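First up is the structure itself, then whatever we jot down about it.
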């Protein structure tokens, strides 16, 4: 056994393997093969395998229309929206570690983030990224419209895209409250006041007064959709925890799920659109 | 300079702002061959930059508003929407010329050629990611995220504005009650957007930029996007001050500005001013004219229009009753905002139907 | 136009369509087709399309070995683990709405959950589901081992499975702290004390005392991995928010990503294993 | 009854518990043909249930511990691991018989037949989901989640136990220091598990239950899973009380139980007791015997074993040096726990290498 080992070591040194040989040995060893399934060299087969055998790359087809790859056609806005979403996920998680969603801490945690972290720009990246994502999603939609890319067979993917637009705005809107400053509180107050006027479901909405049993109004200020949204009659601590959970978990999960469907359907519908 | 600023403030009113927007929109469609020329576009760009620099330099008020950190994205939006509008029209115009000469659109030339996603597309994505990351990083280093005083229910800021992307809806509140402006219209916007692929049965123009082949789809969509969304956001940001009163872009936001509101309901117009017999006490009777107007608008107008306009006639034939009906309904819903705006400006109309008893005002 | 409408309505009533006709009209209309791509009838083609054209079902292959479908072979433990994960996600989100991760509220929010919610069993489902998931993952791994299903080409998917096992334990462990009662605090104290002894990185670990500059120990009680994990010298409020974010967001995201890869590779490696 | 419980408490010690486990494990492997018979398995099941009922009825202490809500999953685990062990061995034994007769394993018969995932597999998944959901719901309705007093650093409960699935590691702390029991060994467990597919080059036994074809893989894996994980969890739950002292399963947890700890380091054994010259002051010299022992175990033993045991010789040929080396290292690491256990019980050995100065104790 020891002799064998010695011999093996001697052999290895005798060969004095070139970097290429090491690379090859790794790329053709069991570990590499079991992970990547295909070799390293740049052959058409490996180019195909790189996409097919990677769960992230397989969002793409193996080949794409040359016209669809051009930036002048796609403006890269769909990809940019996705990039910003990932970016916001990462910075958002980092921010969560420094933030407690209660009325007495929320604002001061944000202040601490600004005051005590040297060169701290997590919140900046998160906030500007969020604004940029809203714009990127609009422009993506604008591009898809202008190229008629919603036409059959892509109708339903446009519908999912519209839902994702709404989700993006909801994400931005729910996040707006979290710094718990005047800007946040009153923007959300203005935005959520609309809910009071929801027909039948808001107590200041048309039809709500018709929903009554024996003269008792079922939809009142303490039972309508506005109350359910805020967890109270006005924006308060109960609203903060609700928006926090919606912003940090619920809406992102919905968004990620819909994105998976969106990307999947782009592929199933024949990749990036192009003239027939 | 002072006089120029004042003149602009004087000229800009909600109605004139809207009018200028519509004229600009019309010109954009009409003269697309002209302004999509790169040389002309560069002039437009310099004009826009010049206007902003001019405003920033000569108006302290404008500078203050424009440099609020949360308003910076609005400039980003305006410029990027402008640029990409130009880009899409440019490519559309070029393709339309080719099509007119019997050639296929330019995208067709390379659409049959397939490239490997790895590395060709992944490479582009990688570069775009890096560029976007760097831009975001620089932006974040240069501009602090805003943080005002701690939230308190005790003091309401004036104006209280929604996040910028919802300012179009907040502007709608001037003309419609919350149940319409805040609930029904947003729902219809979403539903309408979703319905587009099922309504637009035009098989042409899929997968390339074009204008001529898809006029009927592009014009209403862009009208909604530009006139009823983007310009209203701009208006809401720069020209709505305390009390949601209208201010010129260079006009100081005077907390005590008094705007005379002499808006009148349709019921009063007809029962009191025209018929001269006073308002009936039963609210259904009182609002009978409003109901008739809305009913005619939604039910009577579509067949009438269809009969009178050959284009619509043709559309009906092509699309079938269901699709056509949905299209007309969505179209009338979209037109409801500008119509109410114009009625407000022309005859100070407040509500068409006004039943505050059950919060049912239109 | 009006005549047309009337005629159309007359036609519809004249035909008095059967429920089947309505079903067919829906299943062959543009909306259905654009969403599902395939018809409703139970034909082999539609069975294939049902899997291929649905982003969730396409985790499956179109066809599977009959032996691999049997419960006596798979014990359904992989699927059960996934089901429990989804279950824990949903109940976890609901719990988040009633929970504030600060030392003064955490425990009392849990008490309130027990005292004020009639028939409230969210926390029970979450806790027992978590225990059950640990067991299900073990048994899944046991099954995969006993059937030799880690053998080529499935080597790397076994590796991912091992990581998912660790992730499952981490999820359970980080969640253990959140009720902020004595059981939670001391179980986590016992568990995290190990970190102090990490070689080179914990201040009570071998080698840590060697890492010094000019006699100043760089790894001390306030700079070691134990401190980083807890956000302090012992389990405290800083630990609570850390574990909360890890439990609610970070670890679940990692878990979901790895699961996606895991499922994807099951397919790419030829579906559920079976004798060659 | 009292006497039976006392007798069991008297017999059960860490060493005897371990011994009984190993014997049971050996019997499980040896008599697999016997106990996988359904009739015999039912007897075993009734035996296990009988033992638990007996314990619950006659021992208040056991009942108290067993009915802690967080200990209920342990019963679930023990019974399900038991059941599925039976199921896998049963199918393995049946297949082995078939293979001995030259037939393919039973899975082979249907493995070439393909079924549509939709609806065949999806249907099974759906049923399993519903059943699992209902079970979970009933469990949750019947058993409250535990909630003790609010956390306070001021009062440490005794015993302080980790969550149940980590009790195996906590038990290891009795024999090894935290850096090994809490960091190195867990890491090696994870790495070792990951390495399995790259070490086990036996091409047989993929995709069906078998025992005979994969003895060398199954026995060490199950030894680790059953003896070094599951039984240690059981031990940690029911037989570790205040101060992490060992108690019989029916013995009351006396807070004041004193256990005489007279454990001795290897260095003291050799320098003081055998050589009789006292401990050297230099700790490297002091621990020289420990280093030699550990060094021999990790470096000297593998070639020796390989030379002496033909089976290992054969393995080395088949696997190549690198794989074989990793296998032996992982195997020795796994064996380190039972070896230290036995040394502790036999000669009260505390540390093999003891350098508390730098927290380096083995």
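Here the chain labels run A, B, C and D in written order, and each chain numbers its own residues starting at 1.
Following the convention adopted for this analysis, a residue touches a chain if its C-beta (ideal position, glycine included) is under 8 Å from a C-beta of that chain, and two chains touch if they have at least 3 such contacts.
Keep in mind the model is a prediction, meaning the values are calculated, not measured.
Annotation of chain A and chain D: jointly contacted by C, touch as defined at the top. Among the remaining chains, the Cα-based centre furthest from that of chain C is the centre of B. When the C-beta pairs in contact are tallied for C-D and for B-C, the bigger tally goes to C-D. Chain centres here are Cα averages; for chain B and chain D they lie 68 Å apart. Between the CA-based centres of chain A and chain B the separation comes to 27 Å, rounded to the whole angstrom.
Per-chain Cα centroids separate chain B from chain C by 42 Å. Within chain C, residues 30, 34, 152, 155-156 each touch two or more of the remaining chains.
For chain D, residues that reach two or more other chains under the stated contact definition are 197-198. Under the stated contact rule, the graph of chain-to-chain touches falls outside the line, ring, star and complete shapes. Across the whole structure, chains are in contact as follows: A-B, A-C, A-D, B-C, C-D.
Of all residues in chain B, those touching chain C in their complex are 197-198, 302-303, 306-307, 316, 321. For chain A in complex with chain C, the residues that touch the partner chain are 30, 34-35, 37, 53, 55, 58, 89, 93, 96-97, 100-102, 105, 152-153, 155-156, 241-242, 245, 248-250, 253, 260-261, 264-265, 268. Note for the complex: chain C touches chain B at residues 1-2, 4-5, 8, 30-31, 34.
By the touch rule above, chain B contacts chain A in their complex via residues 70, 73, 76-77, 80-81, 84-85, 87-88, 91-92, 104-105, 107-122, 124-125, 128-129, 132-133, 136-137, 139-141, 143-153, 155-157, 160-166, 169-170, 177-179, 181-184, 190, 193-194, 196-198, 200, 202-210, 214, 217-218, 221, 225, 355, 358-360. Of all residues in chain A, only 44, 47-48, 50-51, 57, 60-73, 75-76, 79-80, 83-84, 87, 107-108, 110-111, 114, 121, 123-129, 131-132, 134-135, 138-139, 142-143, 145-152, 154-156, 158-159, 162-163, 165-166, 169, 172-173, 176, 179-187, 189-191, 193-199, 202, 204-210, 234-236, 273-276 touch chain B in the complex they form.
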